[in-house]
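There are two complexes below, and they share chain A, which is joined by chain B in the first and by chain C in the second.
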Partner chain A sequence: MLEVDSYEHNVLARASLDHCVKCTICETQCPVMRVTPLFSGPKYVGPQAERYRHGESVDHSLDYCSSCGTCTLVCPQGVKIAELNSVARAAMKRDHMPLRDQIISRTTLLGTVMTPVAPIANAVLKFKPARIVAEKTVGIHRDAAMPTAQLTTFTSWFKRHTPSTTPTRGKIIFFHGCAGKYFEVDTAVKAVEVLEHIGYEVVVPKQGCCGMPLQSNGIFDAARKSVRTLAGQLQAGPAGVPIVSTAASCAGMIRHEAREIMGVTDDALIEAGSRTYDISEFLLGLADKGELPLDDLKRIDTEVCYHAPCQLKGQGMGTPAVQLLQLIPGVSVVESGATCCGIAGTYGLKKEKFDVGQAVGKPLFDKVKEVNPELAVCDTETCRWQIRNATGAQVVHPIAFIHEAYGLGKATEPKAGSV
Partner chain B sequence: MRKLRADVVVVGGGSTGVGVVRDAAMRGYKAILVDRADLAQGTSGRFHGLLHSGGRYVVSDPESATECAEENAIVTRIQPHAVETTGGLFVVTPHDDPAFGDQFLAGALKAKVPAREIDPALALAREPRLNPGILRAFEVEDGTVDGWQLVWSAAASAQAYGAEILSYHEVVAVERTGEAVTGVRCLNRKTGEDVTIECGFVLNCAGPWAGRIANAAGCQPVDVVPGRGIMVAMAHRLVNTVVNRCIYPADGDILVPIHTVCVIGTTDHPTTDPDHLEIPREEVQQMLDAGEELIPGFRDARAVHAWAGARPLIKDKHVAATDTRHMSRGMSVIDHRERDGLSGLLTIGGGKLTTYRLMAEHIVNAMEEQLGVSHPCRTADEICPGNVPGKTYLITDRLHEREEDRLSDQIICECELMSRSMFIDLLEKFPQASFDDLRRQLRVGMGPCQGGFCSSRIAGLTFEEGAVDIERATGLLRLFLENRWIGLWPILSGDQVRQAALDDWIIQGILDVDHLPHPAKEEI
Partner chain C sequence: MARIVVIGAGFSGLAAALRLRQLNHEVTLVAKGVGGLQLSQGTVDILGYAPEWVQAPFKSFAAFIEANPDHPYATIGTQPVKRGLTWLSDLLPGLVVGDMEKNVCLPTPVGAMRPTALYQPSMASGVLTKGKSYAIVGFNQLKDFSPEFCAANLTRTPLPTGGSVTATAYRIDLEVAPGEADSSALRYARALDDRPEFRTRLADAVKTVIGPEDIVGLPACLGLDDPTIHIDLAQAIGRPVFEIPLLPPGVPGMRINEALMRALRKAGARLVLGSFITGFEASAGSIVSVTVQQAGHDRELPADIVVYAPGGFESGALTLDSAGKISERTFDLPLTGTNAADLVTGDYWHDQALFKVGVRTDSTMRALGPDGAPVYGNLYAVGSILSGATRWAEKSGEGIALGSAFAAVNAIGGGK
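The block that comes next holds the complex of A and B.
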């Protein structure tokens, strides 16, 4: 396949526009269109506008698409609506890339810069004047959710830790994602402890960024490079064993987005993608086969709101976390029923989209506050930051509950080195 | 009965007729153009959309090739708004003789048609969907042209020079006293009124119907052999450059990206009645196969519409009447004074839309010759109203316009991005127009949904604006849908079937259009 950064070459997505019958179902479900007239809607910027695209980009308002992917998910005709938009955005940004989009798209860079000076970074991030400067200069909204930097990275914890059990089930590769490495160390640690607890020998090959933030900001060249490198790194681990991840959106990048949006069809990527699983999906699969020790799960009496992130829904696996959590005695899960939290990767951080993102997330925030204002559950990092920022609730990955139920710690208490 | 007077009456409002009325008016004649329907709904609205570089004819008809090359540049200059400078490619597919390429290049050089061989890899980089097996590729200066925009802006130019344009005026008789034409008798088809126009000259530009006008003047039959050709539009552009097969002109050898669609064509079958041009399914299949040769996967793409047009070829004694493709496309002017002893009547035939301006120049020259006067032709020098010098059409234009007014205007036709104010403004100018008349200028209903969503919206708007009563609104809506259907049923398959089903649920299931009160007689 030809690989040029323009929509013309995205043969698959572009060809799918032919399936559009204008039924408008995508527009009834688009969380952004519902809250702002600034976005013309997925049908408009997707299959409709695509027929007019050639040469210079003229429809800059397509950048109001949050790339949540809901449109593609609900399209009954199989139009790759969100993918069309992502490709068009990449074509547009080639010429008009704001500095801001380049900075927040480089998660690894952000993480390395922040870790050694975590307390300072966190203080700065919580410090209004500094945030106002950030908004004015690079366009990150002063109230936007920002990650909490950690003192230890996951990698250094992993090197130091000793598994609690002797492996009985063989090897498994853990894919932590950038957030797991730098910001959401707690989630990654708990996942490893659970996997080791049930008898896996966890292997963590060196791994870089999947390129998702670059891709969603339309920086395709660099994103392709990232995901290719990552696929190679994952393949360097033990051959053929499952790759399990707590970074739902990064897993989605490897599994389908790199191929569908950026046309990367390398064998390495396809192979690694074919054995990559979301951790809840993986554990639920074990449970279905009777291979997850259910009797050891201790009772936790709680009711929590669970929000399924867009990136997870886009992978077409349903909501395995809901079923998994309900295996724990006493846990009652209320699904948020909301389409999107409004962060959509880095979308809701941008100053011109912050209000849109907040409006998009409002039904979700209300639901969280109604169900349990203290604690909520969600699979992806940025969504957790967004919900936390907007509701004040603590938001954890589903694995935190399994971790607690196996008696390995407490869902609400961080496991390693957070500040 | 209405009576008018003019120096010249031009019969036929296709590209030829408007070119002629513009030229005559610019030379100072009081000119009136009549068409039995709307402007450019004949051949000039049912053609392939190619603004020829001349490349197609460098081997088969070098004279036409040279004319095309010259006129292409002129039309692009005087009516840029109707033209997209897409550029063109001639490609030798694995099934074609690579040696024809040499003949092609030599012919182009001789006919002064700019052409240059390029690396097939370059052609593929430019048009990634092209057959990767192409053996040779040549770059030419083909463009695409919107026949309706071209005709309307030439008409506007004529009007600016005092010409009158009477659409829906059908010529029923050409009046003569003995050896000279004295006028024409028309029927206003909208009102039923008789209209006579006294004049000294009639220029017969009725295209494939030209024989009938000559008959109406009592001349010897003019043998017009309408060459029927079909075209199939695909739902989006599979290429952005005109792609020609580098072979001796044949069926289905050109793919033209025009506006939001790309059009594969065409066929050529001699026919007798230009009012009833069929679109046989086998020819549709033949076109899709031809598309497949140029673009692998073409058959899987979505076809949205098909249409047929008739080449207004005047019989040329040098070739058999059954072989219309190889008749000279060169234009011919018939002087009925020499031929039938009737002065004041000229008939023009042949030609192409690309060379419409030159055709007009020829026939107006012939008229002045008969009149024994001479004025310079200035049609190549002046840009037509509504055009900005050098601003040719871009495929992104409408998307750009909607980006600008998206927060203040409503979109009525979503496929073709026609806004509410575009529709209302044109309706105000043409309150009696049918929806198809408005469509030709606005492209409403021409996209993938083929009017399924927008047709009822425009019916509502037309009523709301007070242009029509409710019965006429319904009648117009039905007429519009019936006309869309003519071009839809021959291509129905795949995605378009699903669309047609959904459209039917809306139009019949929800709106029950067939059973709404509508006028007893058919709407015009």
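The block that comes next holds the complex of A and C.
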């Protein structure tokens, strides 16, 4: 396969466009088309425009596609609509990549800069005049959700911590993702404590960014470099053991997006992807085999809204968190039923797309407020920030509930790293 | 309680999955994409032509089965179809009305007259009735519906049961957003759901243009989440109002699809949407697991029972290669025909035997091999994959889908 930011490397996705029967199912489900006329919809921009593209852009409304992947998911014919669009967007933006898109897609850099000065960084992000300046100069919307920097990184916590149990089940690799390292430290810590509690020896190889934000912004060269490095780093851990992650979208990058969107087919990547699991998927798999200690799960009386992120749904595993949470006595899970929260990685941060993102997320925000305005559950970091920002609810990863049910802490109380 | 995997999210898969879940089984529904419901009219056909216009579907069953011994209804029988229809009507009273013993005549968007048994409350006033007059109103910005075409055909066509109707076409301007010149029915439906003032705007515009006709027909776009908008409109306009189903995306079909999906979620079925089933493992004549295509690595999903509801040619479950060979994609099930060349005639209007190709089953819906024995003891085939019917010509697709789902459920029995 060729590695250019045009259609050639995407032979398979391109071949799939002939399977489009114009049934319009993708159009009925596209959350962006629903709220704005600026995007002419997945069918036009995807399989239809692709026929004319030959590496050139024929329809600039493509930039308004959020890459949520809903179209690919709902297509009964297996057309890779979202993948086609992502490749075409990279080609379209190649010669004039906005500075803003280059900054926001470098999560590791943001984390490295913010962590040492977390309180200051957080204060600046909450300081309206600074946000207005950022909107004017960089193009990040003044009201967009921003991560909260933490004083410690996950990695430094992990080095200092002592496992609570002696391993009985062998080794497991934990993949935390950039957000888990710098911003959502609490989630990563709780995941490790749960895995150790049920008897795993958790190994955390050094790991960089998966390149997902770069990919979704169309910066493919840098994204490929990132994901290749990461695949190598994960492979440096113990061979053949499961790689388990709380960063659902980053896991998706390793499992399929790097290959399907950017044409990366290195053996290391494919091998790492073949043993990567979302943590709820992994734990539910244990439960289904009768290998998850269910009797130890303590009662938590609560009703919460759970939202399955687009990037998780796109991996074809269903919504394992729903079944997993229901294993906890007393927990009642209401699925949001909403398509997308509107953040779509970095889409909803952008000044020209902020309103679209908010409109996309509105049905979800309403549902969260209706079910439990205090607390909601979602698997990916940026979606949690978006839901928090829009509803004021605390939004936690499903693992926070399992952690509490095993008596290891409280779902609503941060375990470590907090400012 | 059995672990049941249902494959397919069309009418038959959704009905089977929900019913099995209600009967306390552990149900996982796997489907690559949304099923055919929202491409349909959102009505329930049982038997419309045999080949003449059918007035009472079940009264015609015996003769129809005798004339078509290979038809799915011959294996399903009457009872499962009736049970499925009753179950659906009880489940979705706000979306399904009508008398299963009696077909009605509903207008299509081109003004043809179509037999169907159960329909949505929003279509009830559109049951074409001898001597009545209809105002057919189109929107200039909704290109999928020509009121002139519809009205002229309705007026010139005699009713299948005798007599005729008169219809007059009207047009209104109704922009969903300022300057929007080409909107889908779904755009209208969502605007009517979300914006009460848009309902008023529609009612006022209709009131201004129509003449003294008895009843008002509108394109089917009267709300997706709220199926009662037709009642508000009828009140505001002062006449009965009904919807005429359009081309896909069909709003009435989407209503049923979403209602069934919501019910499945609520009932606690596991849903795996967006994934193909690509293979399976069998042992001692039974399927033991099916392979779910996932990102990075496939998953073997253990199953005590598999209900296979993958649709037919349209959904890709039946495939035709460039040499004209027909095959079934997932389990390589034996088909009633394998060579397309023998099954297609050059006459467009002639019955095409190709479309009757599919899987044969016993009365419990287990897929049969050439020897007449079940291929796998626990594999049930339902819906459009079944051989022997030309669904769109007979108007039998939904009855087959529901009936076969209920025949399978009946054979599987209750959980606990």
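We adopt the following convention: the second predicted complex is superposed on the first by the 416 of 419 C-alpha atoms of A that agree within 3 Å, B and C clash if a C-alpha of one lies under 4 Å from a C-alpha of the other, contacts with A are read in each partner's own complex, and residues count from 1 in each chain.
Basically, a residue touches a chain if its C-beta (ideal position, glycine included) is under 8 Å from a C-beta of that chain, and two chains touch if they have at least 3 such contacts.
Fair warning: this is a prediction, and the values are worked out from it, not measured in the lab.
Chemist: Kindly classify A:276 by the partners it touches after superposition: chain B alone (first), chain C alone (second), both, or neither?
Modeler: second
Chemist: For A:23, select first, second, both or neither according to whether it touches chain B, chain C, the two together, or no partner.
Modeler: both
Chemist: Touch test for A:323: chain B only (first), chain C only (second), both, or neither?
Modeler: second
Chemist: Output check: A:59 vs chain B and chain C. Expected answer is one of first, second, both, neither. What do you get?
Modeler: First partner only.
Chemist: In the superposed arrangement, which partner chain does A:314 touch: chain B (first), chain C (second), both, or neither?
Modeler: Second partner only.
Chemist: Quick check on the superposed pair: does A:294 touch chain B, chain C, both, or neither? Answer first, second, both or neither.
Modeler: In the superposition, A:294 contacts neither chain B nor chain C.
Chemist: With the two complexes superposed on chain A, say which partner A:74 touches: chain B (first), chain C (second), both, or neither.
Modeler: In the superposition, A:74 contacts chain C only.
Chemist: Pick one for A:37: touches chain B only (first), chain C only (second), both, or neither.
Modeler: A:37 sits against chain B and chain C alike.
Chemist: I'd like to know which partner A:236 touches here: chain B for first, chain C for second, both or neither.
Modeler: After superposing on A, A:236 lies clear of both chain B and chain C.
Chemist: Let me check the overlay on chain A: which residues of chain A are in contact with chain B and also with chain C?
Modeler: Residues 19, 21, 23, 37, 77 of chain A touch both chain B and chain C.
Chemist: State the interface residues of chain A toward chain C in the complex, per the touch definition above.
Modeler: Contact set of chain A toward chain C: 19, 21, 23-25, 27-29, 34, 37, 72-78, 252, 254-256, 273-276, 288, 313-319, 322-323, 326, 335, 337.
Chemist: Which of the residues in chain C end up touching chain A in this complex?
Modeler: 28, 30-35, 38-39, 177, 180, 184, 186, 190, 248-249, 254, 262, 265, 268, 270-276, 292-297, 299, 302, 311, 314-316
Chemist: Could you list, by residue number, the parts of chain B that touch chain A in their complex?
Modeler: Touching chain A: residues 125, 128-129, 235-237, 240, 260, 297, 300-302, 394-396, 398-400, 402-403, 406-407, 411, 414-415, 417, 447-449, 452-453, 495, 498-499, 502 of chain B.
Chemist: Of all residues in chain A, which touch chain B in the complex?
Modeler: Residue positions touching the partner: 2, 4, 8-9, 11, 14-15, 17-23, 37-38, 40, 43-44, 48-56, 58-61, 77.
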